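Structures are listed in the sections that come next.
Look at the two complexes coming up: chain A is in both, with chain B in one and chain C in the other.
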Partner chain A sequence: MGRRFLFADRRRATLTVLGVAASLLLVLVLGGIFAGAVDRVTYYIRTSPADVSVSQDGVRTMHMSASSLPADTPERVADIPGVAWAAPIAFASGSVAGPRGRQLSYLIGYDTRTGRGGPTRLVAGRTPAAGEAVLDEQAAKQLGVQVGDQFTIMGTSLRAVGFSTGGSSITNTTVFVELSEFARIHDDRVSYVLTGLDPGADPEAVTDRIEAEVGGVTAQTREQFADSEARIVTDMSADLLRLMSSIGLVIALAVIALGLMTATLNRLRDFAVLKALGARTPRLAAAVAMQVLLTVVLASTVATTAALALAWLLPLAAPAVQISITTAAVAQTTTTALLVGLIAALWPLRRIAALDAATAFRETR
Partner chain B sequence: MNTNAPTTSGNAPVPDPVLRSPGDNTPHGESTWPRVLTVRGLTKTYGAGDTTVDAVRAVDLDLAAGEVLLVMGPSGSGKTTLLLMLGALLRPSAGSITVTSRDGVDVDIAAAREKELPVLRSRTFGFIFQDYALLDALTATENIAVAANLAGTTGPAAHERARELLERVGLAHRAAARSSQMSGGEQQRVAVARALANDPPVLLADEPTANLDASRGRDLARLLRQLADEDHRSIVIVSHDDRLREIADRVLWLEDGQFRHVAALAVDPVCRMQVEPNGPHASWRGEQWWFCSDACRRAFVTQPERFTPKPASN
Partner chain C sequence: MKARVEASVPVTRRFLTTRPVRTAAGAAGIGLALMLMLLLAGLWVGVQDRVTTYDDHLGADLVVVPAGTRNLFADPGALPAPAVDAIAQAPGVTRAAPLRTMYQILELPHGKAAVAAVAYEPGSGLGGPWAFTDGRAPEAPDEVAIDALWAEQHDFAIGDRLPILGHPMRVVGLTDDTALFMTPLLFTTTAGMDQMLRATGTTGAVLVTTANPEAVAAQLRDEGYTVRTPAELREASLRLATDIYGSPVRLMVGVAFAAGTLIVALVAYTRVTEQQRDLGVLKALGATPGRLRRIAVTETVALTVLGTLAAIVLLIITRELLTWWRPAFPVLLTPGTIAQTAAVAVTMALLAAWLPARRLNRLDAASAFRSGR
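And now, the complex of A and B:
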């Protein structure tokens, strides 16, 4: 009955579904952009070969942090039981410039002999040597840099010999150089030590052991490091995201409430007739709830389809923007919209509960 | 059982042998059909203090199985209030309404708890509305099936019941039609089928022919009569439609919340509507003539010969 009531006026039902879908799309895309940003920011950590990362004591992230470790830290870490290998990387932030512009960039120096800490995947070119660097392909495209071109990083001119992927986000890109080149550009610091574990070694136990035996360092598993990194984005954007999502949900609430209210007011006589025929209020409430459920499910389907299309199309226009639409996000948005819809249904439900069955006789269409 | 009530002219309320007195407990004459509805001292009072209005005053009524009772009366006389109380849609201020279900159980609707009323309504009464009141979002079959659902018959059984009833009212071919796709007569037949969905012992009809033309009104009246005769189903009709007297076993005149003797009924000689004797009137040829309105009275006094039978010549 709820289904029939909803679609009796197809134009109104379509407008309601589209209105709710638009608001859910806003929520999904905002969340997707946020999740995409987190994915990009944590991409290096999640895809690095390191099971455990070691940083200066108290430093738990790469972004917006400065970590400096004694030069012998990699050797000391390598001596810890359970550690298979330890590789230093150097990390700093600055700007990268090409013929077409300038971008903020992280500069990562790594040991090119082992490749540990370097780009996860090269999509063009080769590993850098002295005076050379690997850029993220998106940044290279935006900066107008081709393989073999010269570009500037932190005031130093380097030749691009390869392109990596996954290192550009809305705010910055990543440039990889050999450790000695990093020392030439910046300093000879060791920022982090990437650590691989022996097969079967417990990462938690090894991190505890590293912190206890090396001293003055913070050791984190890959998941802990990625979570800490993601939290930076979360902390910076959570309020804004929450506000925008709330606005989206309030719009959904208003659209559902308006749609239901209009539908209910137009059908008060029908509800009165049903009451006269013997329907109890819970049964009529179920019909209203079914309208909410169908509206939200349809709107969610439309919104998810549109969000997935946007997630595919938007990076074509703005490569730095990644929209990550996950099943969990869709489920959460739909559930929240359902709750919002049920809240919106309270007023129509009150009207129906208070409806006198006798009005079926007293009122005519 | 079903006798036409002859139309009487305005001045001389002629006792009609078919129309019985208010509260007549033997509507079928010698009929031995059991009572299905017994009403005693039914009263509905609105307001309080100086603004008290008695919409229905101490009404007694008995309805036998298979009886068609027509309740007539002027607007505001309490007809609908009475119907609502009989259908458990309105709580009486005083009195009792005892209905006997199909399985022989007597229930006093006036004393029933609020939460028992929906079940009572769905199983005991079938409602027929003036404007049909079909749910336009549903098909004819679904409209009937919904009513069956409300009494506990669900799924294919409800749809099967709906199909049977549509066949019975001659609308099997309109099973998938919505109300907007049906004529008024078809809609009212579907509404009758819906009223029968749970095989109720009593049908309550509010102006069932008001929105139908003469031909369709007659068809519906015949259908109601047929339902009463074939199923021994009792039908209470509240109406202004004089044509329904043809199918009624009994006609009661409700005025100021009370039944008045039907012998007091008269017919306006101009418009042929039933009138109450306290309304506009005029004297002609030494007789008193009653009218439904001043307009009819004026029309009458202008050309009384046009509206009255010629005196018999010796």
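And now, the complex of A and C:
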């Protein structure tokens, strides 16, 4: 019955479903943009060979962060039982410029002999030597830099000798250079120490040992570091997400309420006829609830499809913006929309509950 | 003829006033969608207004920055510390003071908070906080002044300890007008920050005052320095905000526009369907299809105008709620934004009126005499 009531006027049903879908799309896309940012921001840490990362005391992140360690920290960390190797990296924020523009960038200096702390994978070229650098392929494309071209990082001209991948986000890209080159461009510093563990060593126990024995440092396992990095985005965006999601859901509520209200008012005589034939109010309420369910499920399907299409299309126009639509996000949005839909159904339900069966025999509306 | 026109029945107005609840509900729905667009536009204007706050209050005529640096916080870089004295000695320079700026993530008990940290020379009068709600500017290396709104949100008061880079800094001042979008300003001394960063041999930038900015800038550039004016830094901050937030904001506005158009279409279509019998009567009485279409379009436009008014009221309420909940979320409305939204509303109304107008083309006058809907 709910299905027949909903689709009796297909145009109206389509408009209602599309209206709700647009509202849910708003919620999904915004969440997807932040989820995409989390994915990119944590890429370097997630793909790093380090089991444990060491930073300045009180620093648990890389993105938007500054960390500075004493120069002897790598040796001191390497002496801790359970540590197989310790590699320093230097890290700073700056900008990179090419023939076609300019982007914000993190500059990472690493030991090119071991490769630890450098790009996870090179999609073109080779590791950098003095006066050379590896750029992220996406940034290189946007900046108009080819392998072998000169470009500028923090005002210093370098030659691009390779392209890495996964290092560009909505805010910045990543450039890798040799440690000595970093010192020439910026300063001589140890920002983080990446640490590999002996087989069988317990990462949590080693982090405790590093913090206790080295002092003035924060040590985190790869999972802790990545989680901490992800929380920068989630904590910063939480208020904005909550605000936009609330507005999106209020719009969805308004659309469902409008659609249901008009559909119910136009069908009041039908409901009255059913009442006169013995249908009880819970049965009629179930018909309204079914309309909500169908509207939300259909709208959610349309919104998810559109969001996935946008996630595929948008990077073609704006490569730095990545949209990540997860099953959890779709499930959460649909569930919230269902709850919102049921709230929107309260008014028609109240009207049906108070409906007089005699209405069925009246001539006018 | 004139008398006939004056005596004509105001059909659209009557349609709108016959069922005031449905009219109000329709206008509220349209209002919500337009409000979202106004809110996004207002937030965007607010973001643009806030991102340049520090550039607007530098107190310097020129800023010497590391080569390649265009934005104080996003690409700070490093200069050798002796550059401050060398620049101070340059002819025409009245004052020169070191400055270090950077984003920093603070580890707080309930989560992470990003701040735009400023380390300035307390005695210079340059680059420091410019307004306070309480307390004073930091003077000692372990002192910090924080944005008052941010302090309230995170429960910090004068005298509390705030951990920065592992150092428990003492809050001595609560600053006013320092809430940048998502990243409030935090002020400390260059001595304190240099120690925390173990970077005593470098500085971030040098603030310069002079009576003759153009000549001094040219001279410093000749000496190999990169010199920016506050206006150039401001422009770079705006461009950076547009680069980062531009695409997502445009996308969200696009989706909000689609949602709004569909809501207007739903409301307009539903009303025409409900009024089908009445419109059939009008047709039976001789109304032309053109007249019926005009009625539908006028009704849709009238509803959209009501929705626009509802949007403004809803936006004012939302803005007040936001000011109470998160005062750092800037929502600024400009005449341009309102005019733009009004134009969007008209476009939405015309697009949305197409469907019911099309339906009226096929309206049968006999529908006036049918008993059902």
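The definition used in the following text is that the second predicted complex is superposed on the first by the 360 of 365 C-alpha atoms of A that agree within 3 Å, B and C clash if a C-alpha of one lies under 4 Å from a C-alpha of the other, contacts with A are read in each partner's own complex, and residues count from 1 in each chain.
FYI, a contact is a pair of C-beta atoms (placed from the backbone, for glycine too) under 8 Å apart; a residue touches a chain by one contact, two chains touch by 3 or more.
Just so we're clear, the structure is a prediction, and the values are computed from it rather than from any experiment.
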| item | value |
| --- | --- |
| Contacts of A:A183 with chain B and chain C, given as first, second, both or neither | neither |
| Contacts of A:V302 with chain B and chain C, given as first, second, both or neither | neither |
| Which of chain B and chain C A:G278 touches, first, second, both or neither | first |
| Which superposed partner A:A289 touches (first chain B, second chain C, both, neither) | neither |
| Which of chain B and chain C A:R4 touches, first, second, both or neither | first |
| Touching partner for A:L342 - first (chain B), second (chain C), both, neither | neither |
| More chain A residues in contact - chain B or chain C | C |
| Which of chain B and chain C A:A129 touches, first, second, both or neither | neither |
| Touching both chain B and chain C, residues of chain A | 365 |
| Chain B partner contacts - residues on chain A that touch it in the complex | 1, 4-5, 7-8, 267, 269-270, 273-280, 283, 357-358, 360-362, 364-365 |
| Chain A - residues contacting chain C, complex | 9, 11-12, 15-16, 18-19, 22-23, 25-26, 29-30, 33, 56-61, 63-70, 92-95, 97, 102, 104-105, 152-156, 170-172, 186-187, 189, 216, 218, 228, 231-232, 235-236, 239-240, 243-244, 247-248, 250-251, 254-255, 257-259, 261-262, 265-266, 310, 314, 317-318, 320-321, 363, 365 |
| Residue ranges of chain C touching chain A (in the complex, touch as defined) | 22, 25-26, 28-29, 32-33, 35-36, 39, 66-71, 74-78, 102-105, 107, 111-114, 163-167, 182, 196-199, 201-202, 226, 240, 244, 247-248, 251-252, 255-256, 258-259, 262-263, 265-267, 269-270, 273-274, 318, 322, 326, 329, 355, 359, 371, 373 |
| Touching residues (chain side chain B, partner chain A) in the complex | 80, 83-84, 87, 89-90, 115, 118-123, 127, 129-131, 133, 135-138, 142, 146-147, 150-151, 194, 206 |
